[in-house]
Every structure is written in C-alpha cells, then in structure tokens.
Amino acid sequence: MDYSITKFLWTLLGLFIVTNWGMLMSSTMRRIGARVSGRIGIPWYQPWVDLVKLYSLRTQLTHGTMFYIGPVFRLMGGVGMFLFLPMVFGNPIWSNYSFSGDLVLILYFQFFGMLGMALGAGEGGQPYSAIGISRGLSQFTTIEVPMTLAVISIAIQYHTLSISEIVAAQQGGITTWTLWTNPLATAAAMLSLLGAFGHSPFNLVKAPNEIPIGPPTEFHGTFLGVLRTNSAILHVAEAALFMNLFFGGATSWFELIIKTFLIYFWSVFVGTVFPRFRIEQSVRWFLKVPTIIGILAIIIFL
Amino acid sequence: MFIAIAIVIGVASLIGGYIAIHHEKLSVAVIASGLVSLFASIIFLLLAAPDVAMTEASIGSGLTTLIFFYVLNKIRQRND
Amino acid sequence: MVGPIYIIAVALGIAFFMGLFGKSLKNLSEWAMLAGLGFMTYVSGQWLLEFMSNNRAVETIFTAGFKPPYSINLQMGSIEAFFTFIINVVGFLGAMYLFKDLKKTGPNAMMVYLVFIMSLNVVVMTRDMFNLFVFLEVGSIATAGLILLTKSGEALQAGMKYLIATGIISGVLLIGIIFAYYFSGSLNIDDLLAANMGASKTTVIAVFLIYVSIILELKPFPANGWGIDVYTAANPGIGALVSAATASAGFYVLYKLLPLGGAEWLNYIAVIGGITFVGSNLMGTKQDRPNRLLGYSSIGQIGLLMMILGLSDILGEKMMIIAFGILISHYAAKAGLFWLSGLIQAKDIKGWAALRKSPFLLFLFGTFVFALIGFPPFPSFFGKWELITTLAANGQWAWMVTILAGSFIEGIYLFRWLGYAIKLDHEDLPDFKIEWNKIFPIWIMAIVLYAVGVYVTPMVEGGMFINYLPLMFVLFLFAIDFLPVYIKNTISIGGIIWYMFHIYPVLEGDLLRLIFAGIFLVGGVLTLMAGYSKKGTRKGFYPMAMMMFAGLIGIIEASTLIEFFFSWELMTAGSYFLIIRGKRSMPHGYSYMLFSIGGAYAILFGFALAFASNFDTSLAALGSINLLPTLAYTLLAVGFMTKTASLGLHIWLPGAHGEAESDVSPMVSAILLKAGVFGLMILFLYMDRTSVGATNLLYVLGWVGALTTLMGNMSAAFQEDAKRLLAYSSVAQLGYILFAISIMSQLGWLAGFTYTINHFMFKAILFLVVGGIVAKLGTHYMYEMGGMIKKMPFSFIAVLVSIIVIGGIPPLSGFAGKWLFYNAVIEKGWYFQGAIIFFAGIIAFLYLFKLIHSIFLGQLKDNHRNIKEISAWILVPSYILIIGIMIFSAFPQYILQPIGDMLAPYFSTETLVWEGTKATTSLGYWDGTTIMIVVATAFLLLLAWLLALSSKTKKIEQFNIVFAAERPFRPETTHVSYNIYAGYKKALGFLITPLVTAFWESMSNLVLEFANWLRRIYGGSMQNYAIHVVLFIVVFYLIALGGL
Amino acid sequence: MEYIIISTGFALMLLGLWGILSQKNLIKIILGFTIFNTGINIVMVSIGYVRGKAAPILDVIKPSEAASKIVDPIPQALVLTAIVIGLGVTALMLVYVLKLHREKNSLDINSFKDLKW
Amino acid sequence: MIKKILIIGVLAVVGLIFFDLFNAYQGNESLSKTANYYAENGASQVGAANLVTAIVVTYRGLDTLGEVTILFLTAAIISFILKFREEDFMPNRSVRVTSELLDSAAQVIVPVIFMVGVYIFMNGHLTPGGGFQGGAVIASGVLLMIMANPNFGVSHKVIAVVESISGIAFVLIGVLGIVLAGGFLDNTLLPLGKLGDLFSAGVIPVIYTFVGLKVGAELSNIIGTISHVQNEKN
C-alpha cells in the first residue's frame, strides 16, 4: 500500500496517457465509421479542439448544485475505474491503486459515474434527460447479467477475483488467454460489452438522431468538457478491464494501446452493421443469447 | 291378564299418540294427547306406581290439556 | 366459613321473597338481587381463597342428613370453588350490566336471573346425577326466559329453538340416567363413575346417552344452530352469561363425568371438540353480525376446551393449567365482548367503528380479541403454549395442526373485526351511551385477563423467567397517555436509553445479541426522535411502540423458548397497532396480522417439537431437535420469514409499511424486520446443519432469498407510491439477508450482517425522510412531487447517501455487502442464485433513480413552491445515521472483524482475514479505508478542477431548458416520472405478475366460500335444528357403538 | 308385562320424536314433546318395576319385610319430578307459541326463519 | 319428501338405540342397592309410610326444591313474557257470557276441590299423592273459577303472597335442618311420630303442605296469566 507522492504522480501520468489515448481512439473510430459510410470524417485532433473550446467557454449555466456536481461524479466514475485498475502488468508503477480492491470494486465503481450523470441531468429538469436515463438504466440491468455470469465463470476458473492475479494466470503466450481457455465467458462478456459502450444497436440511450437533446445537450461548457474527458478515460478503462480479464492483459503501454483499440473497435464494428434496438428489444436480447452463453460458461465448471 | 291389559292399553296409547300427531283438528289432537297421558297413568297403576299415576292423571292429562286449550283458544281469538 | 348450601338457600330465599314485595317495595328487588348475587360470590370466593391458601380436604355437603348415595350430596373442592366463583362473578357483574333491563322487566325477571345463576352453581357442585339433570333443566328454562329480556321476534324464535333442542336433549339425558341407575343401582355420580359401565356391551349404551346429551348441551358443531341463534338474538348481557357462565358450568359437568365411560370415549370427545373448534370458527369468517360472530367464537372455544378434555389422558397433569388458561381467557373475553356489543348495539361488525369515539373501550376490545387469540400476557397464551408443547411431547401432530388451524381461522374474523373497529371508514357511526354500570363489568373482565395472565406466568415451565419490566413501562405509558407528545416521547426515549445501560452488561460478550440489541434500541431512540415533530397527544402511539420494543428486546434477552415466543407475540401485537394507525392501513394491518399469526403458529409448532425432543425449555433446545427435525426447521424458518416478508409471505409488507405513519414506517421497516432476521440467525446457528433436511432447507431458502430480492426490486421499480417503493425495497433487502445467511459460511453471514446493519441505517433514513416529505406534501405519489432538492437540500443529501449505500456503490458501506456476496457466492458455488442476486442488485438502480429523481429532481410543482424543509426532528436522527454509515464505510474492520471472529467458531473455516484495514479472502481483497481515502481525494481534486474552470456559473430559471421548439409551461407535463420504466415493464414485467397475491386471494376465497357453503346448514328452521340434534346422536351412536 | 310396557314407552318416544321432527304445526310439535315425555316416564317407571311386587307404600306392608315386597320407589320419585318439569316446559313452550303466533300470525314452523347463517 | 325419508332413517337408528336399551333391560327380580336401603330404613329414618314421598321430600329433597323452582320460574317467565298488566283485570273486558249453571256449580264445587287438594298434600306421606298432585287439584279449582266467570280476576297479589311465603318456608325449613339437625332439608327437625299417623314423618307433611300451596299457586298463576292475557296490538 503505497500512498507516496511519487505513486500519485505516476498515476497522474498514467491518467494523462489514458485520456489522450482515449481521445485519439474516439476520433479514429469516428473516422473509420465515416469512411465506412463514405464520408471523410473529422480530423484526428478534433477531440482536443473540442475540449479546449469547451473548457474555455465563458458562460456556464447551471440548474443547481446537483447539476454542478453531477459531472464531477461522472468524471470520478471514469477516473476511479482507472485508479482501481492495474493498467500494465508486472509494473507496480502502473498498477495504480488497485491494491485497495479487486474486480468487484471495479464492477461496482461503474455505477458511481452513472449515478452522478443521472442525478446531474435530472436536476436539469429536462424531460428527455429522465427518459434517456430510464432507458439507460433499463438496458444496463440486463447488460450486467451476462457480464456477471462471465465474471463468476472466470472467478471459478482462476479461483480469484484479483485482476492482477487473473492477468498473471494468462501470461505465457496467446493460448493461455481467457479467450481460448474460457471462450464462453469471453463471448458472454464481449456481447455485454456492446451494451456497455452504447454503440448501435444499443445506443437508444443516447439516441443521437431521434432525440437531439438529452443529457449531453443539457450540459455544456466546462460541464460538457468534463463529460468528454470522462468518456475518453472510461472507454480506455473499460477496454483495459476486458483486456485484463480475457485477453492476457498488457505488459507494456504499447500492448495496452493495441489491445484496447481492438476491443473498442469490436463494438464500433458491430455498431455499423446492426440497426438500433428499441429498449424492450435490447433488454430481451441481453437476457437471451448472451445470458445463455454466460450460463453455459458456468455450467462447464460445475 | 295384566299382559292383556298392558297390550290393549299400550296399543290404545299408541293410537292416541298417532292421532295427536296426525289429526288435522288441533282440538282433537290435544284431547288425544290427553288420552295418551290417561292411558299412561293406567300403565303406571299396572306398574304399582299409584303416586305417579295420580300425578300423570292430574298434571299430564289434566292441567297440560287445559293449558293447551287455553292457548288454542287465545290463538283462535286472534285469528278471528 | 359460610356453607356452600347457603348459595342455594339464599338465592332461592331472595327469589321467593321478591314475590312479597308490593309496589312500594318494588325498587328494593333489584338491590335484593344484587345483594343475593354478591353473597353467592362471597361464599364461593371465600371457599376459593380457602382452597388456595390452605391445603384442605374437599368439603362435602350432605342434604337431608344422610350419606350418599342415599341422599343428594354436593361437593365443594378447589375446582368447584373456582367454577362457582367465576359463575357468580359473571353473574354479579352481569346483573350490574343488565341492571336497567332487569328493572324495566320487573322483579319476575330478577327472580329468573337469580335462580339461573343459582342453578349453575348447583350443576357444578352436585354429585347426584338426577339432581344434575333437574338443575340443568332449571338452567335451560331460566335461559329460555332470559332470552326474552329482548322483546323481539328474533328472540322469540331463538328461545323456541332453544326449548325444542334442549327438550330433546334432556329427554335423552333422562333415559341415559335411568338406565345408568338400572345398571348400577345408584344415582350418585361417584358410584356411577365407579360402576365402569363403559366396559360392558350392554351397559355402555347408558354411558353413550349421558355423554351425548352433555356434549349436546355444549353445542357441538354442527348440531348447534339453536345455540347460535340464542347468542344472536338474546340481549348481549344474556349472551355473556350463556357464553361465560353456562358454558363454564357445562364444561365442568363434562369434566366431572369424564371417567364415566373409560378412555376410548375420550377420543370421541376430542374429535367432536376438534370439529367444533374448526367448524365453528370457519363459519365465523363469513359472519358480520357481532353477536352471532361471538356465538360462533364461543362455541369454537368450548369446542377447544372439549377437545382438551378429550385429550386429557395425553395431556396428563398439564391439562389443568391448559384448560384453566384457555377457559379463563374465553370466560373473561367473551363476557367482555358481549357486554361491549350490548353497549354499541350495532347490527353489523362494521358498526363497531363507533368504538373509536372512546379509546378506552377500544383498548378493552383489543384486550379481549388478543386474549381470545392467545397473545401474551393473557392466560390463553400460556394455555396454548402448554397445550401445543405437551401434544408435541406425545407426538400428537394431527391435534396440533387442528388447534393451530382453528385458532388461525378464529384470528381471521377477530382481527377483521378489530380492524373495522379501529380503522373502518363508516359514514354513520352509531351513537352509544356509556353508562358506568355497563363499563365497570367490562373493565373488571379486562383486569381479570391481565391479572390472571401475570398470575399464571410462573406456573408454566420456563415462564418464571419472563421479564415483565418492559411491560410495566408500557402500562405506565398507558397511564400517562393524556400527556402531550413531547413529554411522552422524552419518557420513552429515556426508558429505552435506560434499558440500554441496563442490558449492556447482560449482553456484553454476546456480539450477535449485542448487534441486534443495538439495532433495536438505538434504532428505537432515533426513530422516536422523529416523534418530536408531531403535535397533540398522539393517543395510543407510545404504549404500542414501547410494547413493540419490549417484545423486540425480549427476543434478544430470551434464554428459553417460551420467553422468546412470549416476546415475539408481544412484538407482533405492538407492531400491529402501530401499523394500523396509518390512514389507509386497515386491510394491510389485517393481512400483517394474519401472516403474523400464521407465522407465530408455525414457530410455536417448531418450538414445541424442539421442546418435546429433550424436554428442554431453553433456546438451545433448537440445537437438538430429534422429532421431525426437518419439519421443525422448516416451520421455524417459515415462521420467521413471515416477519422478514420473504417471497410468498411478503404480500402484507408493501401496504403495511407503505401506509403506516411517517415515523412508524422506519420502525417497522428498519427495526422490526430484523426480528425475523434474528430469529433465522438463531435458528441457523443452533440447528444441525449437517443433516440432509437442513441442507435442503438452506438450499431452498437460498433460492427463496434470491427470488425475493429479484421480485422485490423489480416491483419497487414499477411503484409510483414512494413509500411502497421503499417497502418493496425492504422486501428485497431482506431477501438478500435471507440468501446471505442461507449460505451458511462465515462470508455469507458477514454479508448478512453487513446488509442487516446497512439496511437498518439506510432504510431508517429513507423512511424517515421520505415519510416526512410524503406527510409534508400530502401525497404518496412520486409523480406529484418533483424539484424538492431546492426546497429540501438536507433531505436530498440524506436520500442520496442512502441510495449510494443501497446500490452498493463504493466507497460507501453498501459495497462491503456486495463484495462479501461475490466472495461468498463463488466460495459456496451458488452461482445461479448469485447471478440472480446481482441482477436484482442492478435493478435496484431503477427504483433508486426513480425515487431520488421523481422527488428531488425534475420540475418543481406550482403547489409546492412554498414548501419548507422537513422537520429538524426527522433530519437529526437521519444525519446521526449518516454519520453511522460513514463510519461503517470508512472503518468496516471495526465492526466486521469482531463479527467474523464471533462467527468463526460456528463455521469450520475462517475465510476472511483482516490485515489492518484490508480484508482478504481466498478469492479477493478489499480495503474499505483506502478506497474511501482514494475516492475522497480524487473526488475533491476533480471538484476543485471543475470549480477552478467554471468559477462564474449562472443559475437559471426552472423552465430554462434546452427544449426542441418551445418552452414547457407546466411542470406536470415536463416532470417525467409516471411509468418511467414502461419499456422495461414491457420486456420483463411478466416477472412480477402478482401470482403470490393471486394465490393467497384464491386461498382466502376458497376458505370463505367453503364457510359460506357450510353455514347453509343453519337454514333457520327450528325443526331442522332438532333434526340436527337427533342426527348428531344417531351418527355418534353409529360411530361409537354401531361398529361403523 | 313390563317388557310390553317398556316397549310401549319406547314406541311413544319414537312417535313423539316423529311428531317433533316432521310436523309443521307448532302446537303439534309441542304435542309431540308431551308424548315423547310420556314415553320417557313410562320407560322410567318400568325400570323400577319388580315383577309381582306392590306399590312402595307401607300401610299394609310391614317395614321390616318391605324390601322383598315392594317395587323400586326411586324411579317413581324421579318420574314425579320429571312430570312436573315436563309441565313447566310445556307451559313455557305454549306461551312461546302464543307469542310467536302474534308475531307472524302463523303456527307454521317454517315461517320463523328470520335468524339464519 | 326426501326430508321425511331422512327423518324416518334417523328415527330408525334411534329405534336401534332403543332396541339396544330394550335388550339391556332384563326386568328386575329384586331391588337395587339404594332402593333396598330405602325399603329397609325409610320407615325408621323418615317415618313416612309412602316411600315415594319419603324419597321425594327427604332423601331427594333438593330435587324437589329444584322442581318447585322450575314451576316458579315458569310462572315468573310467563308473566313477564305476557306482559301481565293491571289493565288486563278490567272487569268490562270480557264479552263472553257464561252459563248460570256453570257459575253456580263452580261456587259449590270449588271449595270441595280445594278441600280435596289440601287433603291430598296433607296425606302425602301416608297415601299416594302429595304436594304436586294436591297443588294441581287446587289449580284446577282456580281454573274452574275462571271458566265459570271469565271476569274473575285471579288475585295476583294473593297468589304471589301464598307462593312467596310457602317458598320461603320451604327454604327456611331446609336451612333449619342444617342448624338444628343433620343437614339441609333434614327431616328429623320434628319428631318422626308413629308410622301411619297424620302427624308423623317429621317435617314431611309441613314441607308437602308448603309445596302443595306453592305448586297450586304457581299453576294458578300460569293459568291465570294465560287466560287473562290480552291480545296486545303491537
């Protein structure tokens, strides 16, 4: 347990890397998406431009305290996930503060940000915020079912809930990855990941086309900046979590960047192929195929 | 001898009882029931129970029947 | 000593003398009657005292100067003294009660009354068979006369039915007596009993005739239509006499003649009694005329007593205390209820809502109802306890089930009735006059119930340990009920705090009990603090609340089975009254009570099995059940689960908690439910968990817990009523706890404890705050609220903290529960149940968001613009609890480590290891303190970052939102709350189809319809009733003697 | 002889019961009761009968040999009481019928079914 | 019809019960234990020639007290049921005219009947008969008076006084038995006298006299009440 300043500074550095990689990743993905549909897309540096613009806006409108604090919660969700996740295996510097909790902590820390977002948007008084959140929560409950099953499955497999130990168990070549040793759990988790990233077909929550307003529009200026920062961090952190659990983790930043990119790409890829689901459809869908796969992933260990 | 009397009175009392229960006219029925008591008091005499016989005759067949008639009378008055 | 014969002499003397009173002295006659009854009471009372204080021999009274069997003799022993005393007491009080009615009818009625009571005395005392017959006839004729104190056509018809039926019965009795004389050559009862007539095939017929007629006098089901009509139509004062005095005398006659036929007849008597008990109570369920209802209940109780007599060879020497307990409760309660009925004169039990005008009468009514059902501290409680345990000791399962089923059915209608009286909205409450001569007897009966209850307590095995101290406090609060709230509140809080100090040394070292004591007592203080926000006197609240706490703490302190059950019932009673105080909580309080009684009987059954296994009265007996252990464990678990509201037994909870008063909800939710948890924990710790039965039971309970959680959370998500939402949330939380402790490992139990402690804190906060808001806004519906964050920021923070805990979001203590859960589930291998639990845990976010969003966020309604923050008296306890949550979150080791150590001996492996602040299991690790520090630091840094970037924010108007085209103009249309999870409901709503409700509804309909069908036998025709009587004789004959 | 008489008693009881259970007229039912009671009385007295013995009155019989000369006096004493009780009950029933008739102007037993269930 | 068959069926079984009883009945060859005792000691202990009377009044005196009480109760109940009011005695109430013959016959016969009644209960301990029979005879005398003259008001007061005093006397004698002799209703309060004499058998004649008066009064009361009750219009 290391509470030193050095540790803190190294962690800050890691956070900086992750944030920037996250922004780069999102612009890259948008470019790829645009190319697929025959457009040129945004320049790769667009996220930085946006961020600078947002942070430097002069007027910020607020609906109240919770509206103000909501984005902080949201960002804390992303940052916290990063903090409790060991990023690069074998290097205590990049294991952040993961000594304070295991996989369960990460799973439940996701809610921290969600809650803040929901509350902040709620105070805005915007009806669509509430609708969006209700849909998001609805969908999220069932996304977690295959995820939970997968986590239980790998916990049985490795008999640990510690992420570092899970990664350690996967060292020794590509064949020792969970992907190959426990393909069912991986499949269930990867399907659930689609929902977690909220790309099509599970993007009704954000619904960028039909409902042009909602939580992201109600927030603006620095608030939106904070949210953008968070989404950059969160995407990398989530991808890193999956990487650690199923794809052997990373022994260097480079490996991390490659693997997170591919994991993130998987969701974008699916999103460009499938049309959007209504909320009850997606709820049912997650309880069908991914859940059954998840159950099978446990049954093989019984 | 006593047996013959017993049979006769026994049958008579049963007939009386049947009439008391089944005769349409209430006054006839009440009298028949009084007769049953009277036969019963004869039976009590046969059984060497003069005390009971007296009581049955005076109370069972006498007073009871009279009270019946009084009540019947009241009911009839009301029906008029 | 005044000889018992003077009872007869004086009663008849006065009765004959009354004829001499001319017009001028007419007013004297009522006083003469009272004096006569008083004298009779005095004589029998003096004998009773004599027998109680001195161990003297039975007194025999010879008449005519000859010894029996040549002349009639009477007997005055301790039992006779008791019976004549209670008969004379009710006679005296009844005369007081009927004073005006009797006076109006004239001296003739008083003569009849006096002779009636006298005849019952003789029936009890006489030892001569024919004399018994004569005085039974005197009693019947007097009853037929007294029925007509009420001058109505109904009373006439009832009296005629009574005459016809008793005419046939007494004929049969007479034939039986003469043949008994023929066979034995004597009319003396002792000679008859010694003649052993049951043994011979020829002589047994006389025994049969005597039994059947005495049993028929006791109005066995179904040959009792004539008796019920008497109860219905007669003046309630007479009903009280018939029910209390005649029935007691009849019961004693049966007792007296019990050895007449020998042991095999006992079975028949028991069966008839059992059928009567169940059948009569069953029909009561469809009844809504108060007197008739009381009639059914009376007959049922006598059936129970008859059954006890029939079981006397099984019950052995316990029979006395059992019969005594049940008889005296029936006696006092039924007399009191009939008298109350006479005061109110309602034709329908709904009319008893009028009682509300007089809280003291309501108190009396409640006393009687609870005494009838067998709640503590009434004698019937001890009677039933002894009855069930003794039966269990002899393996009489069928009888136990019969008794409990009958008692439960009795509860169905009695509590419906009580509920009507307390809560029913009835437009025209009948007016009634309260006359002192009518109130006084009722009071006496209530006092008798309490006094006798306390008196018999030490007679019951293990009963001497029962602690009446808290009950004294309850009584004291009753006495000062007229004082304003703040005084009583302070006294109550003071009482609890004093008790804390009192009990701490006792419990020190027993962490399990200490934790629950902490929850009950600290919780009690905190929830009571909210009471300062109430105004007025709040009649009845404090005694009931304290009764509940007395029960709760009694459960903790209990070291014997009976103490535990005593306190359990006390708690049930107290909480029932608390729950039913809510505005619309009548049906919910009712169903709470029914489930509680059912559960209590399951517990009683289980305890009886535990006791009977080793004849051990201590709680440790649960550990060595060898009689039907699996059944015992299951019943006990089901019993406790009625309080924890597990799936299938939960349907009472949402309404009961949702409709309760704002500070009652936290009491019953945060605190009371833990009693069930405590019970389950005690059970699980004691029981032999290696047995197959226990393992299977735990497995099933694990599933039940998981499904309860799923159902509870999902139902909560679809609620529009804020308090019901919280109530369903409680159901779910208790499901977690059940699941956790069913795992039966150290980790599982730690999770259970974590949930227990957390649920106590956050549910108290939520119910306090939300309850306060609901009360303030005057609506339960969340879609009518909104935007409260600006008006009630402190409430918002309290709710926010609570929902973070419920959600299990790090860093607050809710996460500890989730983490322990994951470890426990995987360690145990209950993966699928675990998956359901985690799924349910996420569904919790749906209702948590709905709760906080709909109340605090969104659009403020126009009619709420002037609302202020809720009372500080609600916020202060909430914030104290928040401090508790924070401490528990930051330093979980200080609480969880000792618990883990305490649990270690119970479980083979110690799986949770603490190193400083870090907990490690074989699977994972968790460091609550570090997480708290990391999160707090990061959060503050980020907040600072945002503050630095946007120092000059502008606060804007409520409606100034980015909206597609136009500005919304009404908050109602803009506040999204109603049916917010429509899509989710479409997808998964089928999971919460109220199957359980439908099941219980159809069950209750079935019972009611059956009762309705069954009671058609009481078609009203007096001739049919006569046929029933003869049919009863015939069927009994065919079964008992006809070889059928 | 006593066998015949006791049978008569039982037969009267049955007849009386038949009347009670089957007749619709209240007066008839009460008549049934008197017959039922008469039957009971006959049975009771027969129980005390000792074949060939005299009434239990010691006017000609000497007290010393009474035991072998008289019939059993006890059932007779009981029947005395029973008869009087019977009168009381019958009178009371009749008055009830009188009142009932005033209530509904009918003697039919089936017109008094106000109380049920 | 079904009901009739049911009743017949039920009664058939009742008949079966009676058949059992009949089978159990074997007649008697000798007295029962208790009866034997009475036969042997009745005369000496009680002094009544009529053993039935001895039993009714002494050995089973409490039954008799109960029995008297039953009649008393019946009378009391009937009078309060039938609302025995003063108006009922108004002389101009009756419309029926009775025959002169009956009226004058009654005047002759009634005293005779009363005498017979008194004789019966006074000699209860010697001959068959006693208080109940005598009382019934007296009541029939009263009945005759009422029949002869429907306007004849049975003096309620007189009846009540007779009834009360005789009842109280009965009870008092019983209590005196406790105080002066062996128990409630003890016969030996008065000397037993010689068997067969009018003034013998202890208090039996006294008690029977009171019983006779009381029963007579009670029965008269019942009859009087029933005969005088008005058809209330309510």
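Letters A, B, C, D and E name the chains as they come in the text, with residue numbers starting at 1 for each one.
Operating definition for what follows: contacts are C-beta pairs under 8 Å (C-beta built on N, C-alpha and C of every residue); 3 or more make two chains touch, one makes a residue touch a chain.
None of these values were measured; they are calculated from a predicted model.
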Name, by label, each chain that touches both members of the pair subunit A and subunit C.
none
Minimal step count in the chain contact network, subunit B to subunit D:
1
Enter the minimum step count from subunit B to subunit E; a value of 1 means the two chains touch.
1
Counting contacting C-beta pairs, the top-scoring chain pair is A-C
Distance between the CA centroids of subunit C and subunit E (whole Å) is 54
Counting only Cα atoms for the centres, state how far subunit A is from subunit E in Å.
107
Using mean CA coordinates as chain centres, what's the gap between subunit C and subunit D in Å?
50
Quick check: how many Å separate the C-alpha centres of subunit A and subunit D?
99
Using the touch definition from the top, which residues of subunit E touch two or more other chains?
7, 10-11, 14, 21, 25, 32, 34-35, 38, 50, 52, 60, 63, 66-67, 70, 73-74, 77, 81, 128, 130, 132, 219, 222, 226, 229, 231
Multi-chain contacts in subunit D: which residues touch at least two other chains?
2, 7, 13, 17-18, 21, 43, 46-49, 55-57, 70, 74, 76, 78, 80-81, 83-85, 87-89, 91-92, 94-99, 102
In subunit A, which residues are in touch with two or more of the other chains?
none
Write out all the pairs of touching chains, ordered by chain label.
A-C, B-D, B-E, C-D, C-E, D-E
Which positions of subunit C touch subunit D when the two form their complex?
130, 134, 137, 141, 144-145, 153-154, 156-160, 163-164, 167-168, 171, 174-175, 177-179, 181-182, 187, 229, 232-233, 286-287, 1015-1016, 1018-1023, 1026-1027, 1030
So in the complex, the part of subunit C that touches subunit A is made up of which residues?
787, 789-790, 793, 796, 800, 803-804, 807-810, 815, 818-819, 822-823, 825-826, 831-832, 834-835, 838-839, 842-843, 845-846, 849-850, 852-853, 856-859, 918, 922-927, 930-931, 933-935, 938-939, 942-943, 946, 949-950, 952-956, 958-964, 968, 974-977, 980-981, 983-984, 986-988
As the complex stands, subunit D meets subunit C at residues 13, 17, 20-21, 24, 26, 29, 33, 36-37, 40, 43-44, 47, 74-75, 78, 81-82, 85, 88-89, 92-93, 96-97, 99-100, 103-104, 109-110, 112-117
Which stretch or stretches of subunit A touch subunit C in the complex?
1, 3, 55, 59-66, 68-69, 71-72, 75-76, 79-80, 83-84, 97, 99-105, 108-109, 111-112, 114-115, 118-119, 122-127, 130-131, 133-135, 137-138, 140-142, 144-145, 148-149, 152, 155-156, 159-162, 212-213, 217-218, 221-223, 225-226, 278-281, 283-284, 287, 294-295, 298, 302
Give every residue of subunit E touching subunit D within the complex, in rising order.
4, 7, 10-11, 14-15, 18, 21-22, 25, 27-32, 34-36, 38-40, 42-44, 49-52, 54-56, 60, 63-64, 66-67, 70-71, 73-74, 77-78, 81-82, 126-128, 130, 132, 195-196, 215, 219, 222, 226, 229, 231-232, 234
